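What follows is a pair of complexes built around subunit A, which joins subunit B in one and subunit C in the other.
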Partner chain A sequence: MRRVFTIAHTVWLEMVRRKDMYVLLVLLLTLLFVLMSLNVFGLAGMVRHVLDTGLLLTWLFGWVLAVNVSTRQLPREESQRTIYPLLAKPVSRAELLVGKWLGACTITGAALVVFYLAILLLTLLRGGRGAFNWVTAGQAFFLHFVFVAIVAAVGTMLSTRMNYDASASISYVLTLGAFLIVPRVPHLVTLETGFTRGGLLVLYYLLPHLELFDLRRRLVHDWGPANWSAILFSVAYGLLLVAACLLLAWLGYRKKRFSRSDAI
Partner chain B sequence: MTLGAAWRNDERRQILAAWTGVVLCVGLAFSLACRLVDANPTRAQHGSVAARFLGETLKASSDSFYRMADRNFHKGVQAFEEKAFNDPLQDLVHELKPTEHAHLHGEQIKEIMFPLRMALWADPTNIEPYLVAAFWLTEYGRPDLAEQILREGFVNNPSDYQIRLELARLCLKTGRLRAAETQFEQALNLWPGKEDPADSGTIQDKAQIFLYQALLHELAGRTNAAIAAFKAAFVLRPGRRELRLRIRELEQGITPPLSPRAVWQRMLLDRKHVCPYETAEEHDHEHTDPACPVCGEHHEPAAHNHEHHAHEHEHSHEPHQH
Partner chain C sequence: MEAAIEIEKLTVRYTARGGDVEALHELSLSVAGRQIVGFLGPNGAGKTTTIHALLGFIQPSAGSARIFGEDIRKSIARRRIGYLPELPDFYKFLTGRELLRTAGRLFGLPRAMLNERIPALLEQVGLTDAADRRIGTYSRGMMQRIGVAQALVNDPDLVILDEPTGGLDPLGRMAIRGLIGGLRDAGKTVFFSSHELSEVELVCDRVAILANGRLAAEGPVDELVKPGESLEKYFLSVVEKKPE
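Take a look at the complex of A and B:
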């Protein structure tokens, strides 16, 4: 386990050196300050649009960060040929995969903590005292973190057999499709018949249900905390998805041969 | 070497000539472009630079912000879609994402103003956000802001009658009868504007203008003008027994039991929001309240989508009406 944490730590170090997170944070804050400075009919104390837009951007940035970090790790090690000394050490391939995934999802989670705090503080500064429930905010963050863990697992899985560009592109398409299309399938099925209907149902059960991890509506529109049993079910579902992706990643990576000529 | 050959060989002169040609071409193209733009007065005279460049994109953005206002009004729940099946995953999604039908109330109502403001910035010719914002600002207790937004509306849409009608109602609510009379007059002059004159909603708006005018005439003691306006409303909405009764009472010199002020106050106060998402069950009840003393209709919130209730509610001012 220590080796896993060491690998995750290297991912953290790399991300701290890179500028991705800082750029995203500055972008988020800039957009929120612009939103807050707008005069809307001279009314004061409106906060939901700040919260709504801030969370939307957080979801977008978290998703981009999770895909980029997770899909970059293994291809970069291979292209820079640092994978050879790494695997020459007493590190199993499973540990390498889990370490890379853990690093990717925890660094993204840390970025999410900063983003959430920035949004909630700005909402409070704007006069939104009582505009949101702290328990709901905690639940929303927790499920968002599980979402990021799934995306990182999908990215890690795809990067075991593809280069960075391909794995990142497919991760984006897969997760975006799952997030946008899957929740609409129960309605779309009513409009289709035959093969299309069957295809939609296959997609519905095959693709991950990422909509389970989005509590923005509950938080922004102050519906109060969700039922804890539903939260636990969602977390269990998310952990199963992560485990499945990491298992698939291990199956694809455990006997992968590295050729020095490929790397060059 | 001849003079011409010397000129041709002079490279600097050639470059100068080329640049002169470029400037001439650009200048001609610019002046031609100005003439072409001038030939299309609607595009040349109206709208900002952004509106000219983005055109339909801004209109689509405006509609999108308007829908966002609707979603905010329903506490984030917008789509009420039929579903083919229900499984444990769906149940879990419902547990996590509320789908109940709910509205913002009281202080919270101001949360719909941001998307409405954005809708108006994107497309100042979109009428609905003005009407909705004005309606809810009045409900929120800020008729001053409502008037401000309506005035902004008719600066941007000088030929639209709906904004004048809304302003006239606002004047009535705030007790400025003279101003209301002027605005009703202007609304009538501008009717139907860009709207379809055969549309039932547009016709009802006209009938309402006549009704309000008639009540204002009646209050001012101009009985003949009141009768004429009531008759004009009756022509547009024949078969309204209460309206016919009021005309007869006025013709016979009888004072109707309900004063004009009481009638229009009821008409104004009963202009509550109507939500098309409310189910039939929510409206499955007997009408125990009396009908409107002028038009004979029930002014209650859930009376939408019923032909016989087509009074104020058909033009209720809520985002999701459109």
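Take a look at the complex of A and C:
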């Protein structure tokens, strides 16, 4: 495990020294301050609106970070030839993949912590103690982190066989498609018959159900904490998706050639 | 004595745009411990492919190889190796010291050992003053030197150097020659590919010459090269011979 953590640690060091996360945090805070200065909804409405918009931006930024960090790692190791000294050490391909995934999802998780703290702090400052439920906020963050872990696993899987641009684009399309379209499939199924209906059902069960990890509405509208068994089920489902993606990544990566002679 | 490298009928084939390429054809080679072996051949002869196969970057199509008795397909086979790639490139966002620490951790070395070894290595390669600078600011020569330091961080028994003097100025080449001499004195095995035949002649106990993916000659330098002749002349006579 030490090698996995060392690889993850290098992902952390790189991200901490890049500007991506800081730019996103400044952007988030700027947008939230602008929202707060426009008190067009009345106080209660504004607090809810700040929380809603802040969470939406956090989801957007977390998604962008998870895709970018995870899909950049392996292709850049190859293009910058840093893969050679790395794989010349007693590091297995599986350890490399897990380390890269772990680094990508934990650094994005750390950024999420900062984003959530900023939003919740601003909401508290405006709305007082009763502005949101702390338990629901904890659940929302936890499931959001699992979502980020899944997106990072999808990105890592695609980047084993594609360059950065291709793997990032497909990761965006795949995860956004799953997030927006899959929850609407049951409604579409009732409108269709025959082959289309069957195809939609296959799609429904095949694509990841990322909507399970989104507790924003529950938090914003103060519906109270979700049932813990539902949370545990979602986490187990998320871990299963992560494991499946990393397994597919390993199958595609374990015998991949790294050699200048490929270019001949 | 335990063989450092044992290669048996190693074949590497791959498909390129122009068709199938056989980069290595049934290469068999044994490198005993505590020797300095020069691995020679013209461009495209298969030197880097052999090194990449030994390090697990590419899977052989046939044949096998072992490093200190361990099958090269297992990552554990690389625990006693230090490797300096041709045109080394490292994480530019790390400092020299962080790179060595990361390399040491990947070998599973304990923190206390790294705390001792890293300053000594930085001193050895003359990078003590630049140890806390980002690698992105290093010159080509400094990059080569930090590459040498990371290759030695685990105190390896076998050091594999791929074109270590390529692109270096005379001072840099002399430093590499000194390094190889130091490794010989420390009882290490050094396996290095090079185009610099004069360098090879100076430092190597044995040479192996590849041509068209096949082993064309192998043996001690003083046995292969006749008195009064140079390694360069012998090399040319071997690689210009048509394969049977």
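Convention: the second predicted complex is superposed on the first by the 253 of 264 C-alpha atoms of A that agree within 3 Å, B and C clash if a C-alpha of one lies under 4 Å from a C-alpha of the other, contacts with A are read in each partner's own complex, and residues count from 1 in each chain.
Assume a residue touches a chain if its C-beta (ideal position, glycine included) is under 8 Å from a C-beta of that chain, and two chains touch if they have at least 3 such contacts.
Only a predicted model underlies this, so the values are computations on that prediction, with no experimental measurement involved.
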**Prompt:** Does the subunit A-based superposition show subunit B and subunit C clashing or fitting?
**Reply:** fit
**Message:** Going by the contact rule set out at the top, does A:209 touch subunit B (first), subunit C (second), both, or neither?
**Reply:** first
**Request:** With the two complexes superposed on chain A, say which partner A:28 touches: subunit B (first), subunit C (second), both, or neither.
**Result:** neither
**First, second, both or neither for A:89, with subunit B first and subunit C second** = second
**Message:** With both complexes superposed on chain A, which partner does A:154 reach: first (subunit B), second (subunit C), both or neither?
**Reply:** neither
**Request:** In the overlay, answer first, second, both or neither for which of subunit B and subunit C A:190 touches.
**Result:** first
**Item:** Partner chain in contact with A:49 - subunit B first, subunit C second, else both or neither
**Value:** first
**Asked** Looking at the overlay, does A:17 come into contact with subunit B only (first), subunit C only (second), both, or neither?
**Response** second
**Fill in**
Smallest Cα to Cα distance in angstrom from subunit B to subunit C after superposition equals 41
**Common interface residues of subunit A - those touching subunit B in one complex and subunit C in the other** = none
**Item:** Interface residues, subunit C side, partner subunit A - complex
**Value:** 14, 16, 21, 23, 44, 48-49, 52, 55-59, 75-79, 81, 83, 85, 87-94, 98, 102-103, 105-108, 147, 150-151, 160
**Item:** Residue ranges of subunit A touching subunit C (in the complex, touch as defined)
**Value:** 2-3, 6-7, 9-10, 13-14, 17-18, 80-92, 95, 255, 257-262, 264
**Item:** Residue numbers on subunit A that touch subunit B, as the complex places them
**Value:** 38, 40-43, 45-49, 143, 183, 186-187, 189-190, 209, 211-212, 214-218, 220-223, 226-227, 230-231, 233-234, 237
**Item:** Sites on subunit B touched by subunit A in the complex
**Value:** 72, 75-77, 79, 81-86, 89-90, 92-93, 95-98, 110-111, 113-115, 117, 133, 137, 142, 145, 148-149
